[in-house]
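Got a structure for you, written out below as structure tokens; questions coming shortly.
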Amino acid sequence: MTHKHFILELKAGATLQTHRGVIAHDDLIGLPWGSQVFSHLGNPFFLLQPALGDLLKNTPRNTQILYPKEIGFILVNMGIGPGQHVLEAGTGSGSLTRALAFAVGDSGHVTTVEWREDMQALAKKNIERLGMSDRVTFRLGDIGNGFGVENVDALFLDVANPYDYIGQARAALKPGGFFGSLLPTVNQVSKLLNALRHHQFGFIDVCEILLRYYKAEPERLRPTDRMVAHTGYLIFARPVIYAEGYGTEADSAASAPDDAEEAGDED
Amino acid sequence: MTHKHFILELKAGATLQTHRGVIAHDDLIGLPWGSQVFSHLGNPFFLLQPALGDLLKNTPRNTQILYPKEIGFILVNMGIGPGQHVLEAGTGSGSLTRALAFAVGDSGHVTTVEWREDMQALAKKNIERLGMSDRVTFRLGDIGNGFGVENVDALFLDVANPYDYIGQARAALKPGGFFGSLLPTVNQVSKLLNALRHHQFGFIDVCEILLRYYKAEPERLRPTDRMVAHTGYLIFARPVIYAEGYGTEADSAASAPDDAEEAGDED
Amino acid sequence: MTHKHFILELKAGATLQTHRGVIAHDDLIGLPWGSQVFSHLGNPFFLLQPALGDLLKNTPRNTQILYPKEIGFILVNMGIGPGQHVLEAGTGSGSLTRALAFAVGDSGHVTTVEWREDMQALAKKNIERLGMSDRVTFRLGDIGNGFGVENVDALFLDVANPYDYIGQARAALKPGGFFGSLLPTVNQVSKLLNALRHHQFGFIDVCEILLRYYKAEPERLRPTDRMVAHTGYLIFARPVIYAEGYGTEADSAASAPDDAEEAGDED
Amino acid sequence: MTHKHFILELKAGATLQTHRGVIAHDDLIGLPWGSQVFSHLGNPFFLLQPALGDLLKNTPRNTQILYPKEIGFILVNMGIGPGQHVLEAGTGSGSLTRALAFAVGDSGHVTTVEWREDMQALAKKNIERLGMSDRVTFRLGDIGNGFGVENVDALFLDVANPYDYIGQARAALKPGGFFGSLLPTVNQVSKLLNALRHHQFGFIDVCEILLRYYKAEPERLRPTDRMVAHTGYLIFARPVIYAEGYGTEADSAASAPDDAEEAGDED
């Protein structure tokens, strides 16, 4: 369920203008987290630390954005955490960039590639605002020419035609690294699966995540009336090294029944 | 979709016994990640780095375990990342403990409380195996007497009756911190919602996550036949500080229509 | 996906006023079904026979209405078809009444009970409009005093507190008949389950139906962005006759593990 | 949730052999519906009228079968009820045939086409067993040569390659009639959408239905652990007659934004 958030950098003398009235930053400075305050119209607000999820929601929406439900699963499934080197393309408005920079910590690094200069500028500003510029390298260019880095732990390819860059993706990833992508249509998924097979990626998974909120009324508990039905299909894979004479596309197809056997099991 | 994993610590001279044949560790040592190897029966295996998701799946199943789909969302939604101090109870077999320890990194810390000595011993062993013992404090005891720590950034309460410990939860959390819980039945959710209101928690969310896998066949793309229908309901909340004369339970009820208005929006 | 419908009774000289222009009924009379016509503004329309689903969508929305996804499942699951005698309460605006009257045909009958005279008048008008008045008996009254009929094949109880009328429901149903209800909150479901057990109903099922539409673009096939997340929980049960000394509530509880064993199987 | 059913024709002197013991038909004859009886091993059974859903579940599974959740929605969405003439291909084991024959009643008719003689024989037997042979015409043949009937109210095409028979479907349907199909893979759906557009079908809908059961325990109410994740995608469409100069494929594409606008609305 949504609660309206305003993300602020507190400055003496500044004011926050909202649709429910004005709040002076001076009234907030020094208050404990969680405190209730009131706008000049008497409407209540709470002073809270932002979670990663809140920060993501606050991204200016110039491009499609990943939702917290997908981002959390991406982090866990691709082993992304402190100390990792993660590659991303395209940067877009930097919403995933921020999540990655947050997760890899001071000891990790994010390289993010974008071909539109204006988008990159926006993403840079968003990262600076969070004070995480040291963790992120912004590259401008066409990933058709390669990502310009090698041996990354994980690569998330958030572009409309990832299937055109799987050779480059393989070149950038460390052996056994983690590949991920998110695509809105089934037609794109089919194309990506073909490209991943062709470039000898293995452990290919396709899934989607549905998040359903409830009205938090203890005596009238029930789901909300409507929900997001689709953000995209998640595709995960890993570059593997087949032994000589193995791993042709025919072999991949041959192994399908084995996978199918366990299909439907999440754990 | 499931791929069968074996998580190993490589030791010269050791062997891995599987249902598809035996593999000598010596044959693996020195191989690049992603390499294909064969058991003595000729069955193919791949040598891969484990992701957090893989580590979680490998937990011995003595207790109910959280799934990667929930864990990822918990991390993102509760702002859990490098440098945070996170509290958890009960420890159980330590599957969430491991995810938390991974996410907070070297600069963060996890305190986990359990009342069963045998469970704690198991969880300790699981954390040691990952080399993350420095990041975790194991406490043995009854959380009815409090958690024994204060000012934590986030608390995940993974017990059957979290509603009995909300006062203690509030005492342990820093103001505005993040509270989370996972419960299998709607009846427990109702009770927890009442307890959270009573102890003046705000920003209460209830949700559930459905994960659906697809058969990754590009020319016959379709969901798997069956899926996990339920692991549990996720409940999130934050301890807020109402201004004097506000925040009684009556007030909470009064604010419900406002929430309902935006119900169903995820973003 | 929604297509805007207008349900008409064609009359010489009449006009249909829409937000996309005016159409003369005279231009429609004599046209084959499926024909494309144009409003005075040049906007295209199609002349089509209504399906049951269309008729239901056209009900004036004075009350909560059942969706086609639930109605279809109710008909199949409760054995409702030609020749059956079906009982319903409350009548509401008559949307389910119409579906039932359609399904039981000329050889069947529907009895529907409502306590609000204005609602009943509205529902009557809606049934008359479809020319199915002969199939429906409208009763006005308080179902606390019983339904006024006996030996019905199936009873659908579409009221907010069905758990208060389960004794009356049992008295109205033929032995082994079909009971159904739809409830929005989990709290109501729990109460109904208790009442059904108390009155020795067996074969109790609780379920919910999620319907997800796709954007019908062959080269960009994907689910719609948003969907209905909840209309209600469906509850089905059948009045059974326990042998002497069996079927106490304790026994019911004792049989639970048996059910649980097969839980999750739809077929 | 599943309850184990045995569908019987009672005959004096016969016995029912089950995994939980033997029951003599003579012990059942004359009992009221709903009665509890016991096998020779003392296991309890109940004597109940079958619902349509029960009859469908009892179909011998030689072929993929439609589930009650899909069948109910098909009936409501395609306007199938008493008095209609419905066409189906292929017949398969006759599970949908039975649902259709039940729904159209004595005043309606079902024509079902199959090319495999053995399947047709099985389906015939299943219909005879229900005493509904008068309502069904079984045709043997290749639908590539047409369906052999015209002017049907509704046609359900339950074959693997429905896109190859859309011209024939159009010839069989009455103008403005109802077309439906169920397909397991997204690739098949894309092909069918193209064929429907090519043959000037309009009002094309694609959807899928998820049915989630709950454990019916009032104090521990929760979904079952696992569920069916996929039976197939439902596709509905109607043959329309475009005015001269309209309805080319380009026009169809042009109208897409309009549809998309309302995408996600069920009602």
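We just call them A, B, C and D in the order they show up, numbering each chain from 1.
What we mean here is this: a contact is a pair of C-beta atoms (placed from the backbone, for glycine too) under 8 Å apart; a residue touches a chain by one contact, two chains touch by 3 or more.
As the structure is a computational prediction, the values presented were derived from the model and not from experiment.
Shared contact partners of chain B and chain C comprise A, D. In this structure, the chain pairs C-D and B-D differ in their number of contacting C-beta pairs, and the larger number is found at C-D. Fitting chain A to chain B on Cα positions gives a rotation angle of 180°, stated in steps of 5. Taking the mean of the C-alpha atoms as each chain's centre, chain C and chain D sit 19 Å apart.
Between the CA-based centres of chain B and chain D the separation comes to 42 Å, rounded to the whole angstrom. Residues of chain D in contact with two or more other chains: 186-187, 190, 212-213, 219, 221, 224-229, 264. Of all residues in chain B, those touching chain C in their complex are 186-187, 190, 229, 264. Contact residues on chain C toward chain D in their complex (touch as defined above): 1-4, 32-38, 44, 46-54, 56-57, 67-69, 71-79, 81-83, 99, 102-107, 174-178, 186, 189-191, 193-194, 197, 202-219, 221, 224-228, 233, 238-243, 246-247, 256, 259-260, 262-267. By the touch criterion given at the top, residues 184-187, 212-213, 219-230 of chain A touch chain C in their complex.
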